[in-house]
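Got a structure for you, written out below as structure tokens; questions coming shortly.
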């Protein structure tokens, strides 16, 4: 059986699954239940000067009858006094010494504030810190959360302050509500962060009640933007992780967060550069027991592939992630329909006809049976048909023997420059 | 059904191939709103020809061809 | 009696909102969907299903009823496995969408919410007479009403709706569903004159003379005589009459604990047999002179009857009915059959096996061997016909008489499966368009 | 029947549904099919100096067996010469004079380039322009798309250049890949835009193939970030629209885009401030025929509510959208379980127990039947239980009679300040 | 014969990947799920379903087989409507998850992919003997093997698996499924000595003397005699023997075109009757002396038989079998019954109606009125029993003899529904834990 333990920025965890800092890690009772269920670690609900919360906090985004494709919240950080939290952290760590507890912290970007909280918390014995610079609502009005996280200089400073006194690794948690996340990631690195974690939640409004015309969720009829998370944000998170991981001048580990709900998601995040993952929404939807399939599925996957340790996955796909202008313009794929498997729903036809390149013909064979065929010469290999096709295996996207050697946009620009400079 | 755009590509490609076969080489190109305007010159006759390539595949094609020619020249 | 009434409640539960939504979300919304083609009325099935999924139930019901004026009834009585659901592409990957159930969900919503879905067209001054208010007649009337015609339906019975109202067992199609459809048609200003039998209460000629066009949509008649000895004994029922009785809420008590034999193996036989079961019969046997393979009842009907405990006896034909002392049937003489080479209609011919006669104890016999034809009525209109099947042009539904059209069971020829309400409805629609085509033209000429 | 026509920034459309600038509006053939199906307008696939595209362009994000919860693409703008496009626009407009055609344009942020293209295009007769300043990949390397759209000054300039020569309304399309979209929205307004449209796609990577370890989609094994759209992005788009609409100094109309796939979504977008909507992914998934339910559903909704015209919806929820610090901290709601409807799946219990406030008890009644009950005193009204509950109506979130008058964070801060300044 | 073989292919198609995924995605993953509680082996049902949804099929199969060593067989033969699926919360909103079918999908995957799911524990030196390799014996052996015991199973038949291998009709449970489960147990090092009947090939005492514990899991015996005249005529079958024949691929030819009567109305009767249908019988009647309400066959079995065209005769009991000249049964004398006040087991008592005897023409009679008990074997072990039902402590499964345990049908008492493979498996597991509890303690003492 494969080894699924990780060493993340020096923090050893029996598996790569940590609960993200959020309601599931609000109390010792909860974190202990999680550890008993098998979670590798927990990032404690952000400690701060305790806040006040509103009631009505979360909104769910359901997709075609499947619940919680996305989730949003207008909750703030911990509303419990730090002392209680520390007592519970201490107890929990004592009961589960092999599990990871990371304390998430948030204060204003001032040196003494950071020093005070870091020192106080590390006394109870945590395995690391996560600096929450990303909370997208409520805290920013107070000069914290994303009001810090959206400014590289403040990110750098905050990290630096924490590092000055921290004796355990410091992870800087980044907000996705930013034009370029690599800028804050690098700022964290400059500040001395041992790692970064991403993503926090994305500014969102889950919906408007079309009967009452109030935002969802609402407090006494009024709403405010919340933070979006859950499966829907996975592609956004995965890109941000990939973008950071592929920066040549970015070297620290990344804790991957955002929409992870299966062991397969985990594999993807780790391949794209995450050294471990954090999960919130999936646990909130189904409870802590999901850890069972998360770990077993991962382990069976590694066994299947003959990989000894989960760490060997980390970053393996990063070199395949590049700028658009490096992609090969001469590469050609086309769609091919397997008429044996195809059920003739014609979704591919209408998708291509209405909204792509009009190259799937609906035909009738000599026996009078309907079938579909791609005119491969006209197919631009956009993938649309295979995406809308409801049947696994009915459409293959096939690599064609390249007619020409690879040429990227960059290659082409270079060649044109040569051509035009010669003239 | 919309026109098969592959035929459009083939006809533009043929123009390029014909010129090359006749000994023309590419000397310049310019991107415009209406496609790439490519200049050819026959080094033997000094004859110049300008064609406009509109189809994306032919616009890829002429640069690929140019890169190949460059490589042959450096060999 | 209350208990008995319960036995006749609609047997299949309707989808609840959650089930409807789940099922609607399973539909792929195919393009050029084969389910549409397979529906005789060509309902835009993915269209109405998508509207269920989006919460646009009114739009959904409208999509259905627009294509099929008796869409609420059809949702219950269509042999969907042979039609829309049988054609659903998901048969090839998982399981077909329950189109009928979704159709029922959407139309039920509109019944419950008392939606009037269509408006009459601006009156064009033309008058149309329709004979019969079954699926064919109603559908023709609905379309003509929307096109601006003044439509009068003549209906012999005291309630409109044809077999949907009177002939299909209530546990599959409650009467009020069909009557709602009748109301929808009435709301377009169509005048339905019930208790008015053409040929008796009003003569055919009058219609032809007084209307711009006449549509004959009188369906078929009763179950024919078996033509064997003893048919006049007590305890012999016509399946269609029996069903009409129970649909009117009259439940004959003499079935309880009795042995019932049903003659025939089509829709009507199944309806008769399952009605008998619900009336408390102890054992119900369907006797058919051919085999399982040839029977015209649909698979779902066959399964339904088997679950009801109905027993089947193949290759058996009745020869004689034998009465007890007081004139009530008590035995049936039967004979075994074998199948010989195919008849003209492609089905194998059943032949008596000489000497194989045997007696069967029965308390009640239900006849369900088809329906007679309205010869008299057809001849009153002077129409060409073939054994009571009115001859029409397959596209225009014109009969051999200039102003007279015919649609529905009255033009249904034997040997092509069972007659279906949905086909009658479609023919009604097409007839309306043909009439419009004709009269619109004539107007232009004027 | 309600009137569903709109007048958007002076552009009259028979219904609020326009196809967004994307593959569905690539050619005249397609746009004409769309108009025949009933679409109110089309924003033509962005015209530009024609680009080159890679093959393998799109990726689908499926959620629990439901296809295309999200969609991503690495396609660029139009790869067809402008001349052909103009010819087709002309023909299409001629065939469908009552429908809206907007030309989407993209050039470098230089005055003559904008002047040239605007003039040339408006000669064929379009109803308006949309300036594409948002394409998130491929174009930015060339100093266009989001390389412009992420800089308020360039947004303002580009808008201004276009406005200088445009004789029809100009809509500036904004990128969501930005820290604060209200900044670029206001920049567009300053530049003279008649309206803005939002959102373009969000940077994303739809997934990594866990067998080949290549990004999805990939070109010859390599991938690049693409743009995310489809249902999953709706909450992000809705927030951005709401945020802009509620700016006191922002007055121009908003064309809402992003994840709209039903008439209900449309109602939500319009309530939150959109004057009309644009759709791409939903049409790509199912073809143009979805317009049928989009218009009919909207119309039935308005009839149901007794609203005469769709325009009356616009912005009706905006005043209910505010800052977190204005929400009433004293408002209280709690969860209440309807045991008649509840099916005893216990999902609410475990969600609350593991990941919220441990206040749903699993109990047994006198007849030995299981039932669940919320300890309302401990319930913080977070909504989680009602979000995970699979049965409509089993959990109500109930407003409690307020024990105290409303007090927001801002009220509280003000009061504290008074208190402390008094001391 | 090839055709005949086809008749006996598994009748229910398995889920394809798409169906499995769709169904898995419907599961709510309840907490403290009632389906788990309703499964006698307490399989973590949401757990294994979630693993199907996530593509972790090996983990899914392991979750199933861990709780239930005969999980592949149970997926096919459990009366799921009464157990897991009957308890699914979705019964209250839409329709229950098809747990059995999903279980079959996951275990089939692991059969196809030749997965060995479990490893033997480190040997602890203790020896256990198990009599019988049915669900109970196999499950006990699997658990003991994992706990480090050296296990020997003695099995009288030439193939292991008990009734799963020999007794349940192949069209519900093909033999190879059960044999795969046997292999899984063998792969833990369990020694299965087939063709070894305890009490004949080896004496009971030897086991008690030579092993640290003995588990009696010998199930029940054949169908008992009816105790009526003519029972020795040709054409009289024991349902269990008949099924064993067809499971071994031997298809008696004498059923073709014949009238078959089956006596009894439990699992066995249904299996016997539907086997007869598949062997080509012309008509198959199940005769039961009580009514539909009292019959112990499950609803799904009853429905299945009705669909197969099996007919039911309630309140009828056989009195005498009458032979033709050559010693073959040709008629059965029956008597009608009526139900009187309840017996001790709560079921109403059937009483003959005097004078209601009648004759029924039959060509074949299948006896299916229960199973005999292994009195001799039980007494060889010197165990207390009640009419052949071994007395055990309900928690530890200890018999009245110190080292001897008993589980499965051998302890199954009448009057509590039908015996189930899944319960036998659970008892086998529990017995293993009890043995371990006992011996682990003894070790500590040493």
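By written order: A, B, C, D and E. Residues from 1 in each chain.
The working rule: a contact is a pair of C-beta atoms (placed from the backbone, for glycine too) under 8 Å apart; a residue touches a chain by one contact, two chains touch by 3 or more.
Keep in mind that what you see is a predicted model, and the values were worked out from it rather than measured.
Following the contact convention of this document, A, D is the list of chains adjacent to both subunit B and subunit C. Centre-to-centre separation between subunit B and subunit E, using Cα means, comes to 78 Å. Note: centroid distance subunit A to subunit B, computed from Cα atoms, is 45 Å.
Separating the centre of subunit A from that of subunit C, both taken as means of CA atoms, is a distance of 58 Å. In this assembly, the C-alpha centroid of subunit C lies 47 Å from the C-alpha centroid of subunit E. Residue positions of subunit A touching 2 or more other chains: 64-66, 264, 286-287, 289, 329, 347, 350, 353, 358, 390-391, 412. In subunit C, the residues touching two or more other chains are 18, 22, 25, 29, 31, 93.
Multi-chain contact residues, meaning those touching two or more other chains, occur in subunit B at positions 2, 60. Pairs of chains that satisfy the touch definition comprise A-B, A-C, A-D, A-E, B-D, C-D, C-E, D-E.
Chain contact summary for the complex, subunit A toward subunit C: residues 64-65, 343-347, 349-350, 362, 390-391. Here subunit A touches subunit E in the complex through residues 66, 262-264, 286-287, 289-290, 292-293, 296-297, 300, 391-392, going by the rule given at the top.
Only residues 1-2, 4-6, 26-30, 39, 60-61, 63-64, 66-68, 70 of subunit B touch subunit A when the two sit together in their complex. Partner subunit B is touched in their complex by these residues of subunit D: 27, 29-30, 47-53, 79-84, 116-117, 120. Per the touch definition, subunit D reaches subunit A in the complex via residues 22-24, 29-30, 33-34, 52-61, 63-72, 74-75, 137-138, 141, 150, 177-179, 202-208, 210, 213-215, 217-225, 228, 231-236, 238-240, 242-243, 264, 267-268, 271-272, 283-289, 301, 316-317, 320-329, 331-334, 347, 350-351, 353-356, 358, 380-384, 387-388, 390, 397, 399, 406, 409, 412.
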